[in-house]
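Chain naming follows the written order as A, B, C and D, and within any one chain the residues start at number 1.
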Amino acid sequence: MNTVTLTVKNAPELFLECENVNTDAFAGKKADQIAKLGAFQGKEITTLGDYFTITGEAGATAADTKIVINGDCTKMKYIGAKMTAGEVVVNSACDMYTGSWMKGGKLVVNGDVHSFCGLAMAGGEFTINGNAGNYLGAAYRGDWRGMSGGVLRVKGNAGSDVATFMTGGEMIIEGNVDIHLGTHMEGGKIILKGNANRRVGGQLVKGEIYVFGSINVMMPGYKPVRDVELEVDGTKAKFTEYLGDLGERHPKRKGETVYGHLYMKQ
Amino acid sequence: MEKKITLNMITCRTIQQGVGMEAGKTSQKYFDACTIIHMHADDMKKLGVWKNTNVKVTSSVGSVIVKAVETREDLVPGLAHIPMGPWANRIVPAYTYSTGEPCFKGFPVDVEVAANAPIMSSIDVLKDACGLLRK
Amino acid sequence: MSEYIIKNGHVFDPVQGIKGDKKDIAVKDGKIVESVGSGAKVIDASGKTVMAGALEIHAHVAGPKVNAGRWYRPEDKHFDSHKKPGITRIEGGKSIPTVFKTGYEYARMGFTFAMEAAMPPLYARHVHEEIHDTPIIDEAALPVFGNNWFILEYLKNQEIENTAAYIAWVLRQTKGYGVKVVNPGGTEAWAWGLNCLTIHDPVPYFEITPAEIVTGLMAANEYLGLPHSMHIHQNDLGNPGNYKTTIDTLKLAEGVKPKNNFGREQVMHSTHIQFHSYKGTNWGDFESGAKEVMEYVNRQKNLTIDTGNVTLDETTTMTADGPFEHHLHGLNHLKWINVDVELETAAGVVPFIYDPDNAVFASQWAVGLEIPLYAKDPMRCFITTDHPNAGPFTRYPRVYAWLMSQKYRNERLNTFKKADKVIGATNLSGLDREITLYELAQMTRAGPARALGLMKDYGGLKPGMNADIAIYNINPDKFPSDGLAIEKAFANVACLFKDGKICVQEGKIADMGHKKTFWVDAKVKENKQVAHDIKEKFLRYYSINENNYSVPESYAPHQHIISVDATQ
Amino acid sequence: MPKDVTDVICPFCGTLCDDLIVTVSDDNKTILGVKNACAIGAEKFNHQRLPGRVTRPRMRQADGTFKEVSYDEAIDWTAKMLVKSRKTLMYGWASTSCQAMSIGHEIAEKVGGIVDNCATVCHGSSLIAIEDVGVPSCTLGEVKNRADRVIFWGCNPAHAHPRHMSRYSIFPRGFFTVKGHKGRKIYCVDCRYTDTAKCADEFIQVQQGYDYELLNAFRTAARGEALPDTVGGVPKEKIIEIVEDLKQARFGIIFFGMGLTHSMGRNHNIDIAINLTRDMNDFTKFAIMAMRGHWNVTGSGQVLGWQYGFPYAVDLSRRDQARHQTGETTSVDLLNRSEVEACFYIATDPGAHFPVDAMISSSRKPTVTIDPHIQCTTEISDLHIPVAMVGVETGGCAYRMDNVPIETRKVVEPPEGMLTDEQLLTRINHRVDELLAKGGA
């Protein structure tokens, strides 16, 4: 695997749209070719070379390419978005859409990310070693297809509207979340190690939510059904199982109604 | 009686605010309609203010001087209301939860008596915040 | 204006019966002429196909429900909203393109006219605002009447003259083109959450049946002598077993004679008949009813139809058939918009994914192709996708390719996940007909032009007609055997003339043309009863004043008014 | 001789009343009186003739005072600002005509603007919800003619849409509702006992910010599932009783407002209200409608819809694509994050209606405000361009809260020499073209 290293040399004045910073865009390119890829601040068209010192060269394909980014990326959007393979490591906080529409590969952010990250993620591994903003792993506006695959892990806290319209994959949040977790969820698995601030699993149709901490206000459409022993993300514990939002439609499979499940650690 | 009470703030339209707005943002009607805080009688008692006393309302983003009044549209104790306008917006948190909508309703404020503090005009309250007010 | 001579093209013109002969077409002052001077610009069309500009007879391209479908589906254009180099604006949207993209895409495919299929009169201003902003193509809109309280009340007592007078008034107020009927009676029933599934189901409160509404509106349409016939979206759309209701409705036209000065021969246009040609009792035993329906259509000369071809895409369904959209939402649970319009109509919108892996959707696809393949008279069967219901209109090239190449459609048919089931439930595999370029010109040019009452100016290349000319990169002598090549050729014209101006060149928009809005001004005898009823209804039941109802001229600055006189 | 102009449309709120009668002076210059309007609408017409109205553009000087400039200078300054800025917020549009918006969008596409309208701080939440789950709705006349259950949830038409209740929702007698108010059951759900609540047959006091939970409980009850004892401060018996009554409706409607869009959870509060409406359609006929605020905020959404396919927050900053993401391309977020370089405000007053932190950010950027009157934003802008009042001094298309388009009327002449929005924008557009042809500002 070849490594390309990007080091921020000029900070953007506005926010920089880095839709070309991903393994697929870099694949098969040398440093000087990568430097010529477009980067955008509003209507001003510049290149990655205007903002980054670029060393190394990419592999022939995305899968053979690793990108390491150093320097302050707080005002950079779309890093690692739509990547299908390979690896991206960002040693900074990032702005919006980091890892969104990701289909494969590995993305690690050693810092915080802003809102709309991991949006409609379909595959791969995305690890945020900091806090995440709002709409993590959610669907794009209007879409009923949110995160559908892959593994998304946040070491810190996440914001509001996390995993809205999630249909598959696995999300682990080691800290706390703000209001609305797993709203409209229709599949997949959420593991919350910390606490939730209201409205967990509202309008949930299918899928599983595991909560290790507390939920300060429980949704009225949840009904405790039994106690279960489970091993969740490496932790064995006793959980109370709730049936999903009973106000929502639930599909039938083989004559049986399918409910969503919420497990609260006891 | 307490020096300072914490209330849950909502900012809403009122018909007086609407009339005042159409009369002009610098009109007396607008000033009268918007430079007030509606509080429940119990909260006013708790704070020890009479009707029409100026108070200082402080949120996480700033403070504003308005006049405490009892409302025609009943509130529950603990809930307070300032009509929509530059005075209310002096204390509205701009955080949007990534929805575009700031926290116009449902944010905590501290209310304390400020009987002698003057209420600024609509333009001044904005200019003051933006550092454009020339004294 | 410049003169042009289009030389050496293979011309297909049903109006003159030209079937691919090499012929030069002369253009002057926006019209086709016998000849032009030596200074005329020469367009070399050798090895190319030349046809008149195509006409869209039924699409949802402008108005409230179209726009609701646009803006509530940001996901339909996310990452797909770009500006092409040149004079064009940003073009967005896959299943429901923005107005700019709508105009450009029709033009790129060789269209010069489109009929907006359903205009709620109360929202007419909105329809015209969008038509105004849609570049290049000429447009008109059909106001909906099949659930209108005035109509229901007049036709309950068979008052054809009052019905006609009211229609004339609405056409003038809304700048409308003709009489559209959607789920007659059923949409009014929907205001109470009900529906009319056969043509004999009574409409709640109004004590009338869909059959009576259809019969009455046909009579009123001919009483006025409008350029287009009554244009109907029938009851019981999209349900297994509905082909019987379809034929029942078509039979209502028996014995009704067209009366007009436009050369129109039909009295009923039955739209997107694919959705109405299903046998069976449920989605399990669902079968094609296209053969039965088309056998009747072929016999009955005063009918025209359009197909409503399913294109197997993710799209957005939208119709004034409110109860149907509710039903559809119950099936796929995707986001549902409904709007009931006071005294007039309703509309619904639901996104829909015609997944080719699903046997029902694949069968609908086959039914849609069977219809034109069974059609004996291509002048009475028109190709549509009921845009965007069965698929976006931008898929026409693919539909043409499926119809023109048996190999291409069989490739699709045989590779369905549930191919056996689809082949068993439909007749398509047994059909070897391939639509010819001449037949295509009938189905997309001369036919719809005649049905819309526009054959004087549109749909042909005869001197005196509008110089709306599409030149395709297709050599009929070497007709492509590859379906994709057919698609490609129809997707981007080599050249499009609109009113004698080159608007598209090699797929690139070169000029915004001079788009016109068509509407019909029908003159009727003074009718005090109707005038009184209108006043009364606005006073008591409408939420706006009568004086704020009409669409002013500024909304159609380039209007083309077709006048009819029913006072004689 | 004074004369009456009839069927005048009120350019204040989304109710868009179209039955006003305005008396104007013989010379068509002065409004002498307004009939049928609510207090706010009447005030708007009366404001037209207030003394001291600004009639020419004003440029702010270094010392903070304003100096009159010509329209030509103002147009040139604005065009140069737009051409120079890499990303410009172009916010407002809710109080102008659809025709003016169209020209504005053309400018935005050329200069890389982000077009956002007042929904962004009003019913933007509702638009997000509709994008997510659709909306079963109807026109206001349907409510008048058919509705027998009316729910006002987190809205206060008595104050914000003063004639709504008499024209459409509570009192009018319609075709199937000959008994008027007597034939309707009116519910009001709010955190305070508003003047609208006083008109209702039943008031349900919800704890502020608990609407989502309460609506969820309504849905849970409608499916016959068990509930906790109280939800959002409302006892479960009450919830069940109301749900059972709603199922008995022949035609029900929910009107909702800022109580849902501004409270915690925002779009989700509307989302679930829409889903309750959807559920009720399994039992009877039910509709839901947003009480849109500005008279033509709906129109802005419509025009943006047919031109770009998004209802607000349309990001054209790249000039070759249109994008939309509430939370990113919405005005308050753009200002909070200082994502834009210049601000262009038209037919709006963010200075009065945006939270102060957003305005502090705005005040540090070159700013042009186009508005008929002096208001808060004009006073912190670099340039204020006054224009004729749309719906009073010039006409144009507007969309009512139920999306019904109505052509507003011109009733009097604007002050001598004043431009309309359409005229001004056309000239700015032209100037932008000239600058771009020359290669920039």
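Operating definition for what follows: contacts are C-beta pairs under 8 Å (C-beta built on N, C-alpha and C of every residue); 3 or more make two chains touch, one makes a residue touch a chain.
Note that the structure is predicted; figures quoted are calculated from it, not measured.
Simply put, of A-B and A-C, more C-beta pairs touch at A-C.
Seen from the Cα centre of chain A, the chain whose own Cα centre is farthest off is C. Chain D has its Cα centroid nearest to the centroid of all protein Cα atoms in the structure. Averaged C-alpha coordinates give centres for chain A and chain B that are 39 Å from one another. Mean C-alpha positions place chain A and chain C at a centre distance of 44 Å. Mean C-alpha position of chain B lies 57 Å from that of chain C.
Centroids built from CA atoms put chain D at 35 Å from chain C.
Residue positions 72-74, 76, 78, 334-335 of chain C are each in touch with at least two other chains.
Under the contact definition stated at the top, the residues of chain B that touch 2 or more other chains are 97-98.
Contact with two or more other chains is made by residues 115-116, 134-135, 140-142, 144, 179 of chain A. Two chains count as a pair here when they touch; such pairs are A-B, A-C, A-D, B-D, C-D. Residues of chain C touching chain D in their complex: 62, 64, 66-68, 70-74, 76-78, 81-83, 89-90, 92-93, 96, 98-100, 122-123, 125-126, 129-130, 133, 149, 190-193, 205, 326, 329, 334-343, 346, 349-350, 540-545, 547-548, 552.
By the touch criterion given at the top, residues 139-144, 249 of chain A touch chain C in their complex.
Those residues of chain C whose C-beta lies close enough to touch chain A in the complex are 72-76, 78, 333-335. Those residues of chain D that touch chain A in the shared complex are 85-87, 111-112, 128, 131-132, 212-213, 216-220, 222-223, 225-228, 231, 264-265, 268, 271-272, 275, 279, 317-319, 324-328, 337, 339-341. By the touch criterion given at the top, residues 8, 10-15, 18-19, 21-26, 61-62, 71-76, 79, 81, 84-86, 89-106, 122-123, 126-127, 129-132, 134 of chain B touch chain D in their complex.
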